[in-house]
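Structure incoming, see below.
Going in written order, the chains are labelled A, B, C, D and E, and every chain counts its residues from 1.
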Amino acid sequence: MKSRKKSKSKVGLAPGTSVYIGPERTTPCRITVFDYNKESCEERELATAEEAFPYRDTPTVTWLNVDGVHDVELVEKLGGHFHIHPLVLEDIVHTAQRPKVEDFDDYAYLVVRMLSRDDAGRLVTEQVSLLLGARWVLSFQEQPGDVFDPIRTRLRAGKGRLRGAGSDYLLYSLLDAVVDNYFVVFELYGEQIEEIEQRLAVAPTRELLSDIHALKRELTAVRRSVWPLREAVNALLRAESALVSPTTVTYLRDVYDHTVQVIETVEAYRETVSGLLDLYLSSISNRMNEVMKVLTIIATIFIPLTFIAGIYGMNFAFMPELNWRWGYFIVLGAMVVVVLGMLHYFRRRRWL
Amino acid sequence: MKSRKKSKSKVGLAPGTSVYIGPERTTPCRITVFDYNKESCEERELATAEEAFPYRDTPTVTWLNVDGVHDVELVEKLGGHFHIHPLVLEDIVHTAQRPKVEDFDDYAYLVVRMLSRDDAGRLVTEQVSLLLGARWVLSFQEQPGDVFDPIRTRLRAGKGRLRGAGSDYLLYSLLDAVVDNYFVVFELYGEQIEEIEQRLAVAPTRELLSDIHALKRELTAVRRSVWPLREAVNALLRAESALVSPTTVTYLRDVYDHTVQVIETVEAYRETVSGLLDLYLSSISNRMNEVMKVLTIIATIFIPLTFIAGIYGMNFAFMPELNWRWGYFIVLGAMVVVVLGMLHYFRRRRWL
Amino acid sequence: MKSRKKSKSKVGLAPGTSVYIGPERTTPCRITVFDYNKESCEERELATAEEAFPYRDTPTVTWLNVDGVHDVELVEKLGGHFHIHPLVLEDIVHTAQRPKVEDFDDYAYLVVRMLSRDDAGRLVTEQVSLLLGARWVLSFQEQPGDVFDPIRTRLRAGKGRLRGAGSDYLLYSLLDAVVDNYFVVFELYGEQIEEIEQRLAVAPTRELLSDIHALKRELTAVRRSVWPLREAVNALLRAESALVSPTTVTYLRDVYDHTVQVIETVEAYRETVSGLLDLYLSSISNRMNEVMKVLTIIATIFIPLTFIAGIYGMNFAFMPELNWRWGYFIVLGAMVVVVLGMLHYFRRRRWL
Amino acid sequence: MKSRKKSKSKVGLAPGTSVYIGPERTTPCRITVFDYNKESCEERELATAEEAFPYRDTPTVTWLNVDGVHDVELVEKLGGHFHIHPLVLEDIVHTAQRPKVEDFDDYAYLVVRMLSRDDAGRLVTEQVSLLLGARWVLSFQEQPGDVFDPIRTRLRAGKGRLRGAGSDYLLYSLLDAVVDNYFVVFELYGEQIEEIEQRLAVAPTRELLSDIHALKRELTAVRRSVWPLREAVNALLRAESALVSPTTVTYLRDVYDHTVQVIETVEAYRETVSGLLDLYLSSISNRMNEVMKVLTIIATIFIPLTFIAGIYGMNFAFMPELNWRWGYFIVLGAMVVVVLGMLHYFRRRRWL
Amino acid sequence: MKSRKKSKSKVGLAPGTSVYIGPERTTPCRITVFDYNKESCEERELATAEEAFPYRDTPTVTWLNVDGVHDVELVEKLGGHFHIHPLVLEDIVHTAQRPKVEDFDDYAYLVVRMLSRDDAGRLVTEQVSLLLGARWVLSFQEQPGDVFDPIRTRLRAGKGRLRGAGSDYLLYSLLDAVVDNYFVVFELYGEQIEEIEQRLAVAPTRELLSDIHALKRELTAVRRSVWPLREAVNALLRAESALVSPTTVTYLRDVYDHTVQVIETVEAYRETVSGLLDLYLSSISNRMNEVMKVLTIIATIFIPLTFIAGIYGMNFAFMPELNWRWGYFIVLGAMVVVVLGMLHYFRRRRWL
């Protein structure tokens, strides 16, 4: 929904015109660079886009990460130096893209969506753009996050394959980190579902229904983020791009398996939530049933009794029972018999 | 539905006979021409179809826009001069086509549907026919509209790629303008959905149900316009037509991404509206539940009390309690005890 | 359902044995012939199958139309002379085929279903078999109809492409007439749906539910006729048969577009009818709600009042209020206060 | 479900071990042979598998039919002599296979399912295995049946193509007989559906619901038998096996069309049954509605009247109306007025 | 759900880092080896991974089975010696994989899921990893189980094809054992469904609803295990790997047929469970209906009677009937008439 308000302002603009579309942000964009090979690893924070230019042609692998894409000028400068197509730059700053892969011979463009939760616990999806060149990777995040921190740690430590491998392996690592992060977000859904189940066991309130619907809507949003991701990773696998080595393809196949698992988890949650809705509805009708039963039991017991009492409240001049010595007590006894008969009937019908 | 009434009159006509099918219109058709290259741009309004003939063979790019297709003769004259197939001309004036692309070697025919709202806020879909030649683009709209105005502005200004590029890029720009316009129309759906949600929170009325169903029907209509559009743009992408340059294919891929976004938005709205229907129905049954509970509480409290009163309204000659000094007050006290017991029971059952 | 009863009699027969399956008919079969080229057009009604034999080998285009396929002998004679496969003849007289295309090198066999309405307004589907040879077209209808009349008129008039084109164009014209006729039948569905909507606004009766279900069933039947038709026309398009010239393929593509429109219309009607069912059900529950509310309002107002009256109907010897001067009127006043309180409560709950 | 109980006993057996899985049968297996060509036709009943061995290599076409597959040894002997793969033999006696076609170069294996009804009218599905060799066909049925009798009659009579054609045409004839038999079984479903519709019009009982669900389950079982059959026949068509001549392919295409018709009929029945379920449910809620209306009408009429009577049953010392001469009759008149008002209100609300 | 808790700990780890993910286990891992050819069969239990190393290069077929994959070091040592890719080792110990096949030229990796039930009768799915080399098969189970015991027995006995065939046939046998075991687990579902049906016939309780939903969730979990299995076996069939001989492909085709049967069984169960849900809901509403009917009958009979009694309980000074000799008995008689009329009405409406 977020992007709806802004889209009007973009109608009629020349294509390739980069306009930032997304929530307003004021924090300055931050550029960090990792330039490494098996032997060494340089880590720096850059003040301007121009400082990043020399890294394009170093023989080492370079990872340029930009936190914040609202500084359109910065993105355009950087993109221009790396010969990125204007439409790609437009997509980077227009943060409502679906996950996709686009292959431009000398570089490839990936969009993935990162999931997180804001302070109120609501789902936030953030666009992460990844650009893979022969010896560099550019990554653009909407805001600073800690998802890529373990990769930074591995780069600094220099252990494992990462430092010795090429830019394609770095891309894979970033992708893997994003996909693994999905599972972390999913834990919360599991907890929310359990909580709703417990509340449902207590009483089906209207708020509960809203919560179930909200959860369902969030899962639909997550689904929209992950289904195209699977297609995108698959496209990358089948592209046989010169940028991705056969060794890395094996690793990407692993990421592909994970995206399939992500999708299955989302679908399983969705199905569970649908089940909760059914449970809610039958809970409602169960309670209604109970209410009706109580009403019926009370009414069917007392209506006949009241009728009997009404009979002997009539003022006929000649009503022989009224003058019987034990008339009153006989009637009370008859009433007790009626009540017991009713209770027996209810028990046989399993209403009690 | 609009086209239903007219279709009978067309049965049995020879194919290729152009008959205007659509709402009746009386405004005269209007032809405007843009003839441009990088250096210059001529803009004219034409009085007759014949005035447009010379533009076919100019070395510059020509954009002929016709507002109104009810003047069948005009369309046929124009089409004849540009060597357009009679069946295509028939489709142009028969304004109930699905979006599609047809490739006729020396020109391509595109149908897209433009969405707008009439004065009563109802959705109106309008057929836009686009014909792409090597150095010209013909566009046919059902009625004058302002969706293409930004392109006119860009042509006059001469900034950006548009003036320097070929007719295929113009076609892309027109297509892009139509697709971008969808998002504008969609904003209204977002607002309508929010409004319905608020009304639903107040009370589920019958009018609300009609409104939800009307909204659902409109979204279904929109969906029928956008699904085939995706296929059509995709067909254009894969056609490898000589009319579309590789550079423009990259831009069309961008339009394709947008149509996918359009579809996802429509599907998301449809799902939300289905959710509203569910909410409506459970709102109804919730209210019913409430009503039943009130009835049950009132009835289960007063029916036993009335019975007790009935007992002491009996006219038996011998009823010892009636003569007790405090009989009346004891009975009143007993009644209070019954009420308190009932209330306690209801509270425990969470009915209060 | 129609064909169900008869199918038993066919089990175990040798394949290729033509047995008429369909409603019983007594009218004699009628053969008409059009033999034409650009210059001339001969129109005759034939008395026997043998009279049709010479037309097979004329250099002109021949259209043989047979109204009624219950005369199995006639169909077999005719088919034998035109070298039609026995299985095809079996299909022609067994009038429960799905729309399909079968290509037999020197001729092609098409089955389409024609829709019409009987006198009681019920949907009737009729099988039309079309056989396309190099210079002839055979058409078989179950009963005489006026769908092909405009084509006859065009043949007689000799205007347009028809007289100058080959047998494939004639086939296309026949197909086009059948498909166009669908839209005529559909108008009635539009009207029926509107009528049901109006009746639904008045009251949801049981008859209405039956009518909605009947309509749904009819639409399902129509759907079964049109979905395979699309496949069939598509198969004809892709067959690259020598019988169909490239020019005619363009026209068939147009028929294909129409069948897609037909399908979309049917699906839209089906969705609308499903919506009507939902509306019916929520209408029912709305009325139930109303009934419950009236009951609850009446009961919750009068039950407490009756209780109060019951109190003062008790016969206790000592009930001080009974002897107060204004006791009666105070109680009546108290009752009015209770009623007003109730009404206020109901209004606040929006039940009134 | 039938096969569920037995499957445990098969876990862990060496593959290719033929174990009979199916309902217990005690009747001895029966082998009949037809050995024929255009001129002659020999028909025999065999006592042992060994008697069938010579028929493998006769130049004439041989049809060996085995009724009953519970004699595993017999099947293995026969299969061994005809060089049938052990896994195929396992499938023949394990009578829970899905319809399928397997092509083993020098023979093809077909599984189809035959539908019939037991004495209690319940659906019984039976596995029929067909083996097609160059000059022989082996058929295995679970129990003797009369579905193949018309083919036997045709073989004896020697009319039609059958006697002159090869083993592939015989296979086609058997397949055709099985598929045609489906329609016979379907007639019963049509009748059952009509019967349920009539019972539904009378009253929606719980038994009716069980019957609808049972019918639905049966149709689902039928569906599981026919869907894979279509795939199987299609596979046979596309296999371009040397065993099937092009002439016979035309006939198989006809069988394919029939299986599609079978599937459509099943789907139509399923849809009708779903509609019956909806009708049942709305019937239930309609009746509930009626019940509620009666209750409401009675209650809303009498509760106010009882209140009025209660008023004048109070024992206040000073109640002026009680002493009026016409008080009693005025109150009775007021009650009549209340009743008439109520009835008018109900009529206006269309509750009566 | 099981794997959800652990997944967080894995985010950011270098890929190819094997971390055991699954329920905590303390039993030591157990390695058993079968080394066999047609002539001999050696069976041993190994204490360390190193003892298994020599078996890699024996000319005989070797089956190494590891029970328990929580000993990551053991898996890595074994995998390292057999040149297994680190990502595969990671998958083996990360026991939440979907069934899949991965082909690595000199070996193939299969994941299947084994179903069983824990002591509480709940479904437990266990990951079984199978590695197929030219002359060895490695199998990894999460915990010791008896599913492979029949294969061990067959190996020891040396009967059938198994001892004489290659490692691919062993793989097939293991796969077949796993798939056959599904049917054993399914028997329990059949019993559970029958039990629920019986409980449903007694009374629709809330616990029953939970049980139905639990069953549905389990079947969904089973489904997630078996659908990808079919794809995996199919991939193995189509792979044309040098590791699998054409003879074994025929056997694998048999396994494929079984997985299709497994899927159909699961889908049939799912459909039945959905039917149970419908039955539950209509059971609920049926009972509600019954309750309402009882209430309505009681109320509509007694409310008018009570009104009549109320009439003659009024204290008007002048009420002629009160002084009639038989007034009281006439009123009692009138009441009986009302009751009989009511009962007749209810009977006609089929409420009794």
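In this section, a residue touches a chain if its C-beta (ideal position, glycine included) is under 8 Å from a C-beta of that chain, and two chains touch if they have at least 3 such contacts.
According to UniProt, the chain labels map to these proteins: A, B, C, D, E = Magnesium transport protein CorA.
This structure is a prediction, so every number in the text was calculated from the model and none was measured.
Relative orientation of subunit B and subunit C, expressed as the C-alpha superposition rotation angle, is 70° to the nearest 5.
Residue numbering shows that subunit D and subunit E use the same positions for less than half of their mutual interface. Subunit A and subunit B have Cα centroids separated by 27 Å. Rounded to whole angstrom units, the spacing between the C-alpha centres of subunit A and subunit C is 43. The residues of subunit E that reach two or more other chains are 285, 288, 292, 295, 299, 303, 306, 310, 313-315, 319, listed in rising order.
From subunit A, with the walk directed at subunit B, the chains encountered around the ring are A, B, C, D, E. Every residue of subunit B that touches subunit A in the complex is listed here, in rising order: 149-151, 153-154, 159-162, 172-173, 176-177, 180-181, 183-184, 186-187, 190, 250-251, 253-254, 257, 260-261, 264, 268, 271-272, 275, 278-279, 282, 285-286, 288-289, 292-293, 295-296, 299-300, 303-304, 306-307, 310-311, 313-319, 349-351. Across the interface of their complex, subunit E is touched by residues 1, 4-5, 7-8, 10-17, 85, 87, 90-91, 96-98, 100, 102, 203, 206, 209, 213, 216-217, 220, 224, 277, 280-281, 284-285, 287-288, 290-292, 294-295, 298-299, 302-303, 305-306, 309-310, 312-315, 319, 321-328, 331-332 of subunit D.
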